[in-house]
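Both complexes shown next keep chain A, but they swap its partner, so chain B is in the first and chain C is in the second.
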Partner chain A sequence: MATFVDRYPDEAAVVKACLTVSFTALAIGAFFGLVQALHRTDYFRFISSVDYYTVLTGHGVLLALVFTIFFLVGLFTWAVVQSLERPMPDIRLTWAWFGLTTTGAVFAAVAILAGLIPSIDMSADVLYTFYAPLQAHPLFYIGLAMFIVGTWLAGADWFLAYRDWRGDNPDERIPLQTFMVLTTMLMWYLSTLGVAVSVVVFLIPWSFGLVETVNPLLTRTLFWYFGHPVVYFWLMPAYLMWYTVLPKLAGGRLFSDPLARVVFVLFLLLSTPVGIHHQYLDPGIAEGFKFIAMTNTMFLLLPSLLTAFTVVASVEHGARQRGGKGYIKWLGALPWRDPAFTGMALAGAMFAAGGFSGMINAGMNINYLIHNTLWVPGHFHLTVGTAVALTMMAGSYWLVPQLTGKRLYSRPIGLLQVVMWFVGMVFMSNAMHRAGLVGIPRRTAEPQYQSFDFNAVIGTVGELQAQIALGGTLLFLSVVLFVFNILLSAIEDPIENPVDDSLPAPLSGASGSPRVLDDLRLWTAIAVVLVILAYTLPLASIVGDAGWFGNVPGVPVWVSANVEALGDLLREVVA
Partner chain B sequence: MEIHAYEKLWLGAALLLIVGFIATVSYGAIGAGVEMIDDEGGTVDPQALDEHPQFSEPGVYQSGPNEYEVYVIARQFAFQPGTGEPIRVPADSTVTFHVTSADVIHGFEVVGTNANTMAVPGQISTFTVEVEGPKEYGLLCNEYCGSAHHAMEGTMKVVPEDEFNASATAGGA
Partner chain C sequence: MTLSRAQLLVLVAFSIPVAIELRVLFGFFGIDLPLVAVVAFEAVFLLLIAVAYMVGAEPKSATKH
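And now, the complex of A and B:
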């Protein structure tokens, strides 16, 4: 049977374009990661500690937003088309959102990278979180806004495809992959409202000088209103692959379709009303609201724990289909030579470890000890940096041949690559967690301070630095291998059936689940109510303290005469 | 909906774990008295800190027997007090910190302890810690605050009680 590119050549072209942007961002972002790992551990320095923050901003934005989300929009387009078994309703709309998201990403990247070139009067080293009143160049905020609107249009495109399908299939259950895409996008619409309001209403006018002041706690809270759900936005494509692709690679099929739906509904309900857990140590937010965010966060463990069960059960089923026996010995029957399988399986294992350190972060009171220390990047390099990124890279070894009709250039290199990522992350992330416990901060360019030393509880701080530098180097080399393997695959000759792209039906199918699970309106309404409960009062109190536009002037990380002139022009237009 | 036997068991164990976590945090807040930084510190005009009764002269104030109030301003790229001169508090006392920022968002972390807060312009972070025997602690900003963020540091000295009385000036540090 023909593969995806033969059946849907137009859609395959868009997905390929998405992955191209995604992997380009990955390559640049990974290089920045290497620069950071060597700079802040003092092993090799060729930039100034001031430029470190430009590199750090680039690393965060290019990897956490551009790499992950472009992979997501590509994967989701593939998933909708192949699970609804029909092309996109209007491919021009599909290209339009691709164009808008890409332009936005390029704008933000230009604003950041210009910071490295002194002759260009532009910079945006405000880090991934862009907390006001540190002020970036307007192009950075405009790029972010365009990027987000682009993802909204992508979601609209998938909903239109679903509506067309529903017209022809009024009584069928939503195909699982499309169900996952739609619930994820509903969560995304709900959660990006916060960052969109922050950027469009407050930060863009303020960066042009149209309003003088900002309310830092308000924009920070609106950021985290989006900043935690975005974590699940990264994670959902990985979940989609763990549920629908990994069991097949293991030699079996998904264990339970209904439970997979329950998990995605839980993410829709609980992802957004938790952002305040990033603000446990913020003044101006009452303890009660922090407690609500904490309980919601803890209940958000449930879908991940359910996923651990279902995915492991599905993989075990696959192993037994392949002749695996015993309580533990079945693990040996799995296809460990397949980089797509091994990469995803290792990613899942690291996600379990990241889940445990995440429980510490979520614990309102023990959070005091690790807040803003290296523990935090240690944690999210396990979740987004491994569970998500490694699943995306490993999944590409299976996905890309369907989009190109060409075989993967080298499976052994792929295998080396995913194992190298795993090993690199074991070194880097465990050292970061331990460094955080002794109080070493995150987001700083220097390994030590003038007037005090850090005391490692076990081992030495020097050993922790060495592990971070070694791990960072292995991770960078792993990305180099990945990018070359994909590039070389792209110039292979097309072959018949480059990969087995069929997905078997689940053991327990959708028919066994209650129909109410497919009632997206109901779940969206409940999600909105939960958000209103969690956010109305704290936001009202923050606005009550300092007003919508606050009383804190901007502190530019960029200086420009041109932008002031542009601001004057805009003021005239508005007046 | 069909839920398999092992799935039910796992679901029950997962819910138990979650409820257990919430219970330990609740116990920490109510039983052990670990209070969160909240909105009790109130607000302040970050552009008029020099008119504030305490932040105009940040430092250590005695507020009762063995009880002290410490007012700290974080600004690019120093703590006042903390950087130019150490924060000095007497051993075996109860110390309440009031931390604010004069410009951007900073962090205030006493290294290796759970004395840790964000310093947000316009807001005052208030939290109370029990300090023990004499010891010197590092102090650092743990939120990126601009080009020299990595240089923003200080010290906090817990000194013997008699030494504190000898060195502290009235009303300040």
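And now, the complex of A and C:
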């Protein structure tokens, strides 16, 4: 009964390396989050308001891209190896993609953080959406490109492992966790094409000065072509844990393997042809295309609701196995002492709330009410900032012991940590949503204006700000507890069985699911057709309007000290 | 019903969004619930949970004697 590290020491080393990068990004990003929460509520300001945007870019990139995706590549490697029950085909390839993604992430982080040091003539204050005409130092875009290519290689590595396995097992169903990894990666290949073209063809040449201008709407559209599927790229590792780990932690088994497969196939099909729902307010895209994007988005509710049903059913099954009774009372039979279980359960509960506020975002007409307000960060701190981030932290309490062979330093501290995240996020995201409803903007260091006051419908703006500052502080403390708990676990002595790592078979297994679900070629082909249908006409009209390279020069934010030059440029841009 | 310490913690955590949203709920009906009312509600709720916890814990220690 050896654990993962004893069976696959080389793979465990790579996964540990991925998680180390991930948690480092989490720690720095959480600190930036605290700085923002205190700065924009005017509780404590020690950076200049100009530097706020550097910090905000660092926060968004380090948390939404580095923390989440490095956790994902580590988790997926673990999932492929342990569900195929074989090591990676060539560990050198595995280390190669780890090296490439890490170098890319470091390049991007250096370009951003250099913005805090005036003596270095480099910056990337472009926010994590890196919209043109805001321009970053070339190092930022090069780092991004390396990072994306690294994830492609990681996907290739998992596909190679699967091919080897298929050679030995020609007739078996794809093991569920590997199925999840492969469908997620197919979606990722399809969707990162957009951002790769945007970065390599347009933004890199433009930041080097090889071409003078960009077509901002084209690069925005290519960004959002990737920018919606990326949210499922964050979410799928959380789903993988909710479907395959959470039922076990609850004491039961996954309710239905076929349903889980259907959900992942639906995400492959529907994730990409919806990106325009982030551009409801972009001029230059016809309303009809926006309407199609909205319709597709509403279809995406289906896999989310299927997930809610399957996961809750599995957890309830677990509770009843543990002796739970009644309509509601079974909740009490769940293993609340286990931080891995409680963290994931709380994350799931918050995801439900995030889903509701997401439907407001998705509705084309109601979107106008909350567009670019604090409502939006309120929404995505529930989804990526909690459903994903908290599931990853909670999952680590179960996963890390398998990678190190050492027990978790403290379960009570872990429990306190996940509950603290929940409470902190209740305060912060509730206030952000309500502040957004009364029009308080996002992405600003100075939300107050002269001769104008926001009028909170319920309570006061001061209360909302207090809630954001309090919530942000609790969230930051929660990350501190998490990081210390993991660090202290790393210096424990190795033991025989640090954690029960067995995963029971689903109640309704793969044999009951139609074979066609495993036909990855078919689903990929349909996904490609849907993307072509959704994007050909809008892209053609965007390029037809302003050309491939547009006519907009950059706003070189790294000479931001030179305000006058910036003003001139802005005037040029507007003219 | 016996409450464990972990259940106590989770119950307290869940009471906070309920308390906060109470004002929004009352707001739907045009009632402006003052902040103190929410604080009072939360205090009462915490008290109730604390009592439930203590009552639940008692029989256990009683059987030990």
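Note that in this section the second predicted complex is superposed on the first by the 557 of 575 C-alpha atoms of A that agree within 3 Å, B and C clash if a C-alpha of one lies under 4 Å from a C-alpha of the other, contacts with A are read in each partner's own complex, and residues count from 1 in each chain.
FYI, contacts are C-beta pairs under 8 Å (C-beta built on N, C-alpha and C of every residue); 3 or more make two chains touch, one makes a residue touch a chain.
What you see is a predicted model, and the numbers here were worked out from it, not measured in a lab.
S.K.: Return fit or clash for chain B versus chain C, each positioned on chain A through the superposition.
M.R.: They fit: once the shared chain is superposed, the two partners occupy separate space.
S.K.: According to the stated criteria, A:Leu301 is in contact with first (chain B), second (chain C), both, or neither; which is it?
M.R.: First partner only.
S.K.: Quick check on the superposed pair: does A:Ala546 touch chain B, chain C, both, or neither? Answer first, second, both or neither.
M.R.: first
S.K.: A:Leu415 in the overlay: touching chain B, chain C, both, or neither? Say first, second, both or neither.
M.R.: In the superposed model, A:Leu415 contacts chain C only, not chain B.
S.K.: Quick one: is A:His371 in contact with chain B, with chain C, with both, or with neither? Answer first, second, both or neither.
M.R.: The answer is first: A:His371 touches chain B but not chain C.
S.K.: Counting touched residues of chain A, say whether chain B or chain C comes out ahead.
M.R.: The partner that reaches more residues of chain A in the superposed model: B.
S.K.: So, A:Tyr327: does it touch chain B (first), chain C (second), both, or neither?
M.R.: After superposing on A, A:Tyr327 lies clear of both chain B and chain C.
S.K.: Mind checking the angle chain B, chain A, chain C on Cα centres after superposing, to the nearest 10 degrees?
M.R.: 90
S.K.: Figure out whether A:Arg337 sits in contact with chain B (first) or chain C (second), or with both, or with neither.
M.R.: Only chain C is touched by A:Arg337; chain B is not.
S.K.: Chain B to chain C: minimum CA distance in the overlay, Å?
M.R.: Superposed model gives a least chain B-chain C C-alpha distance of 18 Å.
S.K.: So which positions on chain A get touched by both chain B and chain C?
M.R.: In chain A, nothing is touched by chain B and also by chain C.
S.K.: Hey, which residues of chain A end up touching chain C in the complex?
M.R.: Chain A residues touching chain C: 332, 336-337, 342, 346, 415-416, 419, 422-423, 426-427, 430, 434, 457-459, 463, 467.
S.K.: Would you tell me which residues of chain A are touching chain B in their complex?
M.R.: 49-50, 52-53, 56, 125, 127, 131, 133-134, 215-217, 220, 255-256, 258-259, 279-287, 290-291, 294-295, 298-299, 301-302, 305-306, 309-310, 313, 359, 362-366, 368-369, 371-373, 438-439, 441-446, 449-455, 508, 512-514, 541, 545-546, 550-553, 555, 557
S.K.: Which of the residues in chain B end up touching chain A in this complex?
M.R.: 1-4, 6-7, 10-11, 14-15, 17-18, 21-22, 24-25, 28-29, 32, 34-39, 41, 43, 45-47, 76, 103-105, 107, 109, 111-118, 120-126, 136-138, 140-151, 153-155
S.K.: Can you check the complex and tell me which residues of chain C touch chain A?
M.R.: 1, 4-7, 9-10, 13, 16-17, 20-21, 23-24, 27, 32-33, 35
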